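Heads up, the next two complexes both have subunit A, just with different partners, subunit B and then subunit C.
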Partner chain A sequence: MTATEGDTENPRVAASDRTGVRSPDILATDGLTKKFGGITAINNVDFSVEEGELRCLIGPNGAGKSTLFKLLTGQHTPTSGHVYYDGEDITDLEPHERIDRGMSMKFQAPSVFESLSVRENMRTAAQRVIDGNLDPYVDEKLNEFELADSADMTASDLSHGQTQILEIAMALSLDPKMLLLDEPVAGMSVEESEEVAEMLNELHEETDKTFIVIEHDIDFVDMISDQVTVLSQGEIFRQGTIEEIRNDAEVREIYLGGE
Partner chain B sequence: MDMTEVPAFVDIFSLVNLLLQFLDSFAFLVLAAVGLVVIFGMMGIINLAHGEFILVGAYSTTLAAVAGAPFVVAVVIGTLTTAVFGILLERSILKRFYDRPLDSMVATWAISLMMIQGTRIYFGNSITQASTPFGSINYGPYSYSAYRVALAGVSVAVLIGIYLVFTRTEFGLKARATIQDADTARAMGVNTERIYILTFGFGSALAGLTGALYAPTLSMSPEVGQNFLVEAFVAVVVGGSSVVMGTSLAGILLGAINAFFSNVYSTFWGRIALLAAAILAIRLMPYGITGVIENIRDRRRAGMSLRESLKIPAVTVLLGGGSND
Partner chain C sequence: MTEAVEKLRSAFSALNGPNTYGNGRAFWTAFAVGLVAVFAYPMFVGSYSAGQATLYLLYGFLGLSLCFIWGYCGVLSFGQVAFFGVAGYAFGVVTLNFGAEATVPAALAGVVIATVVAAALGYFMFYGGVRDVYVAIVTLAFTLVMYTFMAQTAGREWAIGDARLGGFNGMPGIPNITLGGTSFSGATFYYLVAVLLLVTYLGLRVLVNSRYGRVMVAVREDEDRAEMLGYNVKLVKFVVFTFGGTLAGFSGVLYASWGNFIDPSVFALSFAALPIVWVSVGGRESLIGAVAATFGVQRLDQELAATGSEWALVIIGALLLFVIMFMPKGAVPYLDRYAKAGLGWLREKRGAGSDREVKAVDSD
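Right, the complex of A and B next:
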C-alpha cells in the first residue's frame, strides 16, 4: 500500500514492499538520485503510485518536482537509483520506449508542433497507436476534443486554452495506461483550470488510467486529488490526503508559509 | 550576304540558347543544393563536406558504369552508396555535433579534406569517365547537351519528391515534428534518434544522386565535388531554410541571373553575378526567400490585406532594413 496515513512517518516502507514480484504499483522509484554537478536535485527518492490512482506531487519552487518528472519520463538519466514501470526496470529506456509501454507525458511548457496543423499534430500521436490509415482515428479524436473545426489551422494560431486542449488531446490519443502531467494548468484562467480539473476527474472515474500530476497550485490539487505527495529539497517530505497536507504545520511552513 | 535576316535568326537561336542555359543552370543549382539544404534546414548542420558526399556519388556511379552497369543502375548504386556513407559518418562523428554549428563546420571541413586526399591516394588524380547519355540538341549555330537539359526535368521531379516525402509520409511528419521540438516528438513516441539518422541518410542520398547524375558530364578528379560548392551555398543563402520552396525559388532566380550573364557576357561573368546575388541576398534578406515569404505569411495571418502584407517586406527588401546584426 502506498500513501496511507501510517506511511507519513516513513514513506520508504511502501517502496520496500515493492521488491516482491507482485505489486499493485504501476510506477515506483527506488533510491532515485539526480545530481547536477555538486547540487543534488533529487535525493534518494522512493516513490510509488498504484494503478488507477490520481496522484498529485506538490512542493515549493526548487523542490525538484520538474527534475523528478524528467526522471520519470526519461528526459534525464538518474545519477543512481531505478525507475520501475509495471514491474519492469525502465531506468535506461528512452522516452519513446516508455511511450511504447503505455506512458504518456504532457510537459509544463506548451509543447505542440507550432508550424504543423492541428490535424498533423494529432497525427504524430496517432501514428504510435494506429497501423495503416490514421484518418478515422484522428477524426474521431478531433471530434472528441472539439478540435474538428480548427483541424486545418496552424497550431501557432490557436488560443492558449485551445493549445492546452490540443496538448492534452495528443497525450490522450496515445491511449496511455499512465499519464504524467507537469503543471497542466500553468498560465490558465480560473475557469480554464476548472474545466481541466473536470476533464481529469471524468477521465479518472471513467477509465482505469493512472495519473501523476505535478502541480504548484494547491487549489487545483484540491479539485482533483485526494492523495498528495509533498516534495521538498529533493526529498519526499510528506505523503497523505489533501486535508492532512493542508493542516500539516511543517508543510505550511515550507510550502504555504508565506501565504 | 543578306544582312537583314541573319541577326533575326541569331536572335531566335540565342533565345533558345538562353532558355536551355536557364534550364541547365536551374537544374545545377537545385541539384547542387538539395542535399545540403535538407541537412541544414532539417538538422541545422552546415555540412562543409557536402562536395565530398557528391564525390562519393559521382565516383561510385562512374566505377559502376565503367564496370558495365547500365547508367540508371549506376545512378541508383551511387545514390545508395552515398546514403550508407552518410549514415556511417553521422553515427560515428556527426551525431556528437548536434546543436554545435561551429564545431560541426570544423568537423565536416576536416572530413572534406581527408576525403579529397584519401581519394587522391587511393584512385589517383583521375578515373575513367562514364559516357554521357543522349546526344546533343543542335539548333542553328549552337548545340547543347540534351542530357544536361533533361536534368532540369529531373531536378523538378526531385523537388516534388522531397515535398511528397516530407508532407505525405509518416517519416516526413515525424521528421518535421522532431526538427520542430524533439522533446515533444519523443513524448509522442517518436524515436528521434532514428529520425536524425534517416534524415541525414536522405540528405546524403540526395547529394549522392547529384554526383551520380553529373558524373558523366564532369571530369572525375578528387576535387569534383568542389564544382558544386559555390552554387550549393549560394542557393542555400538565397533560398533560406525551407527545403522545397526556398530551393526552387532560389533556383529560378539564380538560374535566370546566371543564364543571362553567361549568355550576354561569359560564363565567368555568370559566376560573378551569382556571387554578387548572394552578397545582396545576405544584406537584403538575411533569412533568404524563405524569410521573406514567412514574413508575408505572418502578416496575412495577422489579418492584413494581401496588398498591405506585401508592402512592408518589399520596402524592407529594397531598403535593406531587414538585415540585423
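Right, the complex of A and C next:
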C-alpha cells in the first residue's frame, strides 16, 4: 500500500533492531490511520508493545485512545496501515477472529449483559474456553474476583465498581494473551482502584500476559505501569517511563495541565 | 433401571434453565394439565371445532419462529409471514403437480424453500451490515414485494406445471397432508399438529437453554460485548434467522394443507403484524407465552368476527396497547413474577414446620 510496507513486513525484527531487546513485540502497528469523514482520529501511528509488558496509554480527551483500541480489536477498519499481532498481519481479520487468537477487551463504558445474572455473564465468557461442565471454572473465577456473593444478582443491580470488576473478570476468563483495558477504574472508589491496580500488578508479574491500559488517572498509571505512551491529536506524542512523562513540560502542557 | 431414570432426569434438566420461564414443579404440573386439556379438546367439541382450533395451533409455529429470533436473539423480523407464504405456495405447487401422494416430499420442499429464502435474505442483511430496526424494515419490504408480486399472477402464463398461481383468486384444491394412506383433516389433523407443536416447543426449550442459546441471548443483550468475547455475531444472527424461516415455513405448509388453499393475503400487512402481536402479548422471551398468546389472540379474533363484531381489529389493537403499556415484557414474565411471589408467600404462611416438608420435596 505504501512505500514503507516492505521495511516493516516483519515487525518483530524491526522492533528488536530498534531497541536491541530480545523480547519480541506481541503487537505492532504500521502507519495506522483512521479518518472519520474529514477528521483524522488516528494519524500514521507506529505503536508497538512487547510480550508480557504492561503499557499505559494516556492522552487528553479526543486524542484517539479508544479509536486506537477499536482498530486493534477490529471494531473499526483502518483507512490505511496495518496491525500485526503475534507476528501475523491481522488487519483484515474480523473481531471474533482476533479474540480467537488471544485478545480480549474491556470497554470504556462498563459493558456486561445487564439483564442476566452475574453467574450467567461469567458462563457466557467461560464457555469460550471450557468444554463440558462450566460451573467449577465459573465458581473459581467468581471467588477470585470476589463476586461469589453477588453471583445470583442481576448484573444491572451491581454497583458501578462491581460492574467494572465483572467485565474485567469476563475478559480475563477467556485466558487472553493480551488484554486491552479501556479506563478500567473509571468511576471506582479509591479502594476499588487500588484493588484493581494490585490485581493487575500481580497478573503482570505472575503471568506472561500483555496488558494495554487506557487511563486518565495519572496516580493509577503510577501504581501499575512503567512504560507510558502519550497520544495527542491522533499521533504518538511521547513514549517513556512514568517519571519521564511526569517531568516532560510539553506533556504537562497538553495533558496534565497545572499539576 | 436406575440408569434409565438417570438418563430421563438429565434429559429433563436439559429442558430447564435460565433462558425459559417456568422451570419448577408448579410449571410442569400446570403444563401437564394444559397438555391433557389440549389432547382431550376434540373429544368434547367434535371434529369440526377441532378443525377450527387446528388453525390456532399451526399458527403456533409462526409465533415460535418470531419468539425464537426476536425474543432470544434480538432480531426483529416483520416478515416471518413471507417464509410462511413461500412455503405454503411451494407446498401447493408440488402437490397440485404430483397429487396427494406427494404431500410429504411437498411439505419438505416447502420447508426447504422457506429456509433457503430466509438464508438468502439473512445473508444479505447481516453480512451487509443491516442492524436493529432496519431489519424490521427490510423484512417488511420483502413481504410487501411478495404480496405485490403474487397479486399479479392471475394470468394463465403464471403457472408452474399444472399449478396456477392464480393472483388474488389464490390457489385452490391443495390436498390434505397424507401419511401412509391417512388423509389428515379435522380431529386427526388437530392431533398431528398438536404433537408436532409439542415436540417443537420442547426442542426449542432445549436449544435456548443450551450453550448456543446462551450465545443467542448474549447477542440479544449486547452485540459488541458478545463480539468481544469472541462470538461470531453475524453468523449467529444469520443461523438463527434462517432457522426462524424454517419454523415459519413449517407453519405455512400446515396452513396450506389445513385450508386446502392459499392466496396472497398471507403476505399482507395485516397478517404480517399478527406474529408481532402474539409474541408481544405472550412475552418476547417466553416460548410458552408465544404459543399460548397465538392461540388466545386468534381464538378471540375468531370469536369477535363470528359474532359479527366489526370491532375485532380495534379490540386486538387495544389488547396490544394494554400489554405494551402495563406489561411491557408481556403476559408470561408478568404472571411468572406474581406466581413466584404467591408461592413464596404460601410457603412463608405455612410456617417453619411445613417448610421442612417443602425442602424435602425439593431435594427429592
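Going forward, the second predicted complex is superposed on the first by the 234 of 259 C-alpha atoms of A that agree within 3 Å, B and C clash if a C-alpha of one lies under 4 Å from a C-alpha of the other, contacts with A are read in each partner's own complex, and residues count from 1 in each chain.
By definition in this document, a residue touches a chain if its C-beta (ideal position, glycine included) is under 8 Å from a C-beta of that chain, and two chains touch if they have at least 3 such contacts.
Remember, it's a predicted structure, so these values are computed and weren't measured experimentally.
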| request: In the superposition on subunit A, see if there is space for subunit B and subunit C together, and answer fit or clash. | output: clash
| request: Considering only touches as defined above, state whether A:Asp157 meets subunit B (first), subunit C (second), both or neither. | output: first
| message | Per the contact definition in the header, classify A:Thr73: touching subunit B only (first), subunit C only (second), both, or neither. | response | both
| said: Which partner chains sit in contact with A:Ser117 here, subunit B, subunit C, both or neither? Use first/second/both/neither. | reply: second
| request: For A:Arg128, select first, second, both or neither according to whether it touches subunit B, subunit C, the two together, or no partner. | output: both
| query | Can you list the residues of subunit A that touch subunit B in one structure and subunit C in the other? | reply | 73, 75, 94-96, 99-100, 104-105, 107, 111-116, 120, 123-125, 127-128, 170-171, 174
| field | In the complex, subunit C residues that touch subunit A | value | 18, 211, 214-215, 217-218, 221-222, 224-233
| message | Looking at the complex, which residues from subunit A come into contact with subunit B? | response | 73-75, 94-96, 99-100, 104-107, 111-116, 120, 123-125, 127-128, 154, 157, 170-171, 174
| How about subunit B: which of its residues touch subunit A in the complex? | 170, 173-174, 176-177, 180-181, 183-193, 301
| field | Partner subunit C, residues of subunit A touching it in the complex | value | 73, 75, 94-96, 99-100, 104-105, 107, 111-117, 120, 123-125, 127-128, 170-171, 174
